[in-house]
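Pasting the structures in now, so scroll down.
Shared chain: chain A. Partners: chain B in the first complex, chain C in the second.
What follows is the complex of A and B.
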């Protein structure tokens, strides 16, 4: 039972190491990499089934590393929320691994592509599964180090410049994360999330003064917002997403971004939800840490939706549009999280988290598909700039069809998965009775329609450019795109099980009590 | 007194690091990043209390006899060790990356990194 919790991490780690050892055998390396991607998906499926979906599933499972009891050792926790996130990442990861096998030329220079890809996956998986704040820092670093190399991968002027910005920003963020971790340890006396939740709920019983945690929570929030790419921490996204190889960009948008969102939800709703701390700010009435997070997230989400939407409208390349669109879409995910944080009604809170998760799922699938489609276009024509494109729809109907489907899913057309994402987010805003939020969402949706239409018109319609005329397309890449498109369609048509899975995930995110009981941290007072 | 000295040291390191990060020259930015992460390490180290030693927390003290000397919290030391290793790797990577930036752009001035593709 507990072994299943570490299985996805082990698969990713073993695949990374084996592909590293196979540096001279190019074909075997690619085969192992693809097999590792499929194995990862199987391990995640087993985890989801045994922990959440099976009829007699416990809903949560823990793994105490080295059999050290919490809070002394590191605890790995798989609950509904982690499982949902992992399932989402695994779907895109399989598509991206198969795509990489065809996209990345197997020259000597590309030796480290496949190991790094699986290390990136390992970091993402570890972040979703860990139940320890410092361990979360370590998994962030694992994820980031691989992505640094990927951003600098092609080594041109654009790539080195993007990588330097990306590295600088994230190194500062890492230092801030360390400060927050150290401060929380000094104030609360533990780094185990379950133990921390327990202590923050009754600070007096554990003899701690929890007031400094508010500032430390704000520091954590800024670090997570940087990972998620929320405004005002969004400026690394456009260059980094354009510099990284397209399959990796698909994984960055589908997985690394979601790690930021996941960390915000986990820390706010599992650790700080019941914290007996009063936030006192100038000009604002005393409030709870959760409401404070909600207010900050509202501001960030508003900025993200507007900056992302407006920025995407006049980009000159497909990938530029998609990168800015990612900033806007993550705002759409943050809005329901903010609603959940500010409301006091438990039902609305659960519903809003559910809406955020469904939207995140749709964004991962659709953006994964779109970035891969952009990769296919670049691979076939050698350009992603609108100036060099045009007439793709006539020349490559299947490729263009999948791109259109992904774009429509972003816009939110039924019966695609995007429809339910948009619908639930709007529903949450209506239930919260927040007309300003509804107006914001409407503006954001209109911007989405505008930039999606423009990307389609400029790139896929119109007269055929010479680059498109001479292009040949890789059938395996197109097959991957079609498979992802079918997944999006299937999620939209057979939405009921997804809804129940997301509902279980939202329930798990809010049920701090079960989380604490499952981890069962020992000890009355010392950490 | 120790607390005061540590606070001043951490504050000075963060200030120096921030100043260097805002410079135009790439290598100075890297030094700034290094100093900021070291400041975070010192801060992390200062977060552990010094408590009367007992052989339960420090096994080697079992043969020391009573009363045990003051010992620091071993957990923060372990955390800092991890953070130092990560920081070391990142410093090496950032330095190599700045050399690559110099090769590609023929400049180390951050403001002159143009729009070369």
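What follows is the complex of A and C.
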């Protein structure tokens, strides 16, 4: 039973190593890579079914790596939240793997594409599953190491500059993360998240002075916000997303970003939810760590929605629009998380997390589809700049249809998955009775409509450019796009099971008690 | 410089291997052993030049036309890296086959081994050997490719 928890990680790890060993056999390597992607999806499906979806599912499962007991060993925890995130990532990962097989030429220089792709997936999976704060840091690094190479993948001036920015920024972030983890260990005396939650809930019983944890939580929050690309940490996104190969960008937008969101939710709501710590800041009356997180997140989300939306309007390329749109969309995910953190009503809190998760799902699917579509356009025409494009809709109706569907899902048109995402986020804001938030969401939605329309008009309508005229399109790439588009449609039409899954995930995110009991860290002595 | 290198390179190699062997329960391990082995090679590179291994070990004249990334030595380093990774992963997977959790370890103590008297053979050694190969392969690839530029 518990083997399923570790299975997705092992599939990704083994695939990465096998593709690395198959350096000379190019075709076998691609086959192994695609098989690994499918195997990953199967492993994730098994995990979701056994842990959350099956009628007699326990809702949470743990795995002690190397049989070392918690809190000394590394615990892997799969609960509803992890399972939901994994299912979301697996869908996009399969699409991106198949797409890569057709997109990335298999020259000598591209030898490391497939191993790194699966290492990136491994890092994402590990981050979702780990129940240990230091281990989270390690998985972040695994994820980052692979993405560094991908950002510099094409080796041109643009890519080198983007990679330089990306690497230096993330090195600083990693250092901050490490300082925060070290500080928490020094203060609380444990790195296991369940143990930490237990100790922070009653610091006196464990002889802890928990006051420093507030500052450390703020440090963690800034690191996670950087990964998620929330304002003011958004500036690396446009260059990095345009520099990386499109299938990888799809995975970065769909998975790595969500790791940031996941980490915020996990650390705030599982570890710090019951923390008996008072946040004292100048000019503000004493409050709980959660309310503090909520306030900070709300400011960040506001900035993200405005910067992302306004930035996306006047970009000169499809990928530029999509990259800026990613910043704005993460703001939309952060708003309900902020609502959940500020409110004290348990039902609203659960509902707001649910809204954030559904929105995250929609963003992953739609943005994955759009980035892959941009990749197809680039592959076919050799350009993604609006100046060189035009008339794609007439020439490639299927490709354009999937792009339109993805864009409409971002805007939030029924019956696509985006409708429910937007609807639930607005509903959460209405239930929270926050008119400023509703106004912000309205402005953000209008901006989304504006930039999506503009991208469609400039790239897909109008007179056919010479680049479009001469283009030939890859049928497999289009098939992947159509499959993803159908998934978006299916999620929107058959929304009920998704809602129940997301509800279970939201419940799991808030149920710190079950989390602690499942991990069952030993040792009640003072740290 | 050459005389010193001849004397210290074997010593470094022996120390690095001893660090690697006792790594499972004493200070040491695959990583630090690998780094130390690499420094021995780095000394060879600094003293005898980048082509020494190509000529001395493989007995071939390095082709000036070939790009450094395609040389035989670098290729060997890369293979060591990949194989090391495979060993480490396999050693982690082996307990799964035997019905224990991922990465479980165990050890046996061999008595009456010549010179050592008793020797602990830990299953962690296999994992450590993988790490050792990864470190040696990775660092030497970087050293020789970057060094050639």
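Keep in mind that, in the parts below, the second predicted complex is superposed on the first by the 525 of 527 C-alpha atoms of A that agree within 3 Å, B and C clash if a C-alpha of one lies under 4 Å from a C-alpha of the other, contacts with A are read in each partner's own complex, and residues count from 1 in each chain.
The rule is short, and it goes like this: a contact is a pair of C-beta atoms (placed from the backbone, for glycine too) under 8 Å apart; a residue touches a chain by one contact, two chains touch by 3 or more.
If you're wondering where the values come from, they're calculated on a predicted model, not measured in any experiment.
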After lining up the shared chain so the two structures overlap, which partner does A:163 touch, if you call chain B first and chain C second: first, second, both or neither? first
Pick one for A:443: touches chain B only (first), chain C only (second), both, or neither. neither
Between chain B (first) and chain C (second), which, if any, makes contact with A:65: first, second, both or neither? second
So, A:42: does it touch chain B (first), chain C (second), both, or neither? neither
More residues of chain A are touched by which partner: chain B or chain C? B
Which partner does A:152 reach: the first (chain B), the second (chain C), both, or neither? first
Who does A:20 touch here: chain B (first), chain C (second), both, or neither? second
Touching both chain B and chain C, residues of chain A: none
Within their complex, chain A touches chain B through residues 134, 137-138, 141, 145, 148, 152, 155-158, 160-161, 163-164, 167-168, 171-172, 174-176, 178-179, 181-183, 185-186, 191, 527
Going by the contact rule set out above, which residues of chain C touch chain A in the complex? 78, 82-83, 85-86, 89, 93, 96, 100-105
Quick one: which bits of chain A touch chain C in the complex? Just the residue numbers, please. 3, 6, 10, 13-14, 17, 20-21, 23, 63-67
Could you list, by residue number, the parts of chain B that touch chain A in their complex? 21, 26, 29, 33, 36-37, 39-41, 43-44, 46-48, 75-76, 79, 82-83, 86, 89-90, 93-94, 97-98, 100-101, 103-105, 113-114, 116-117
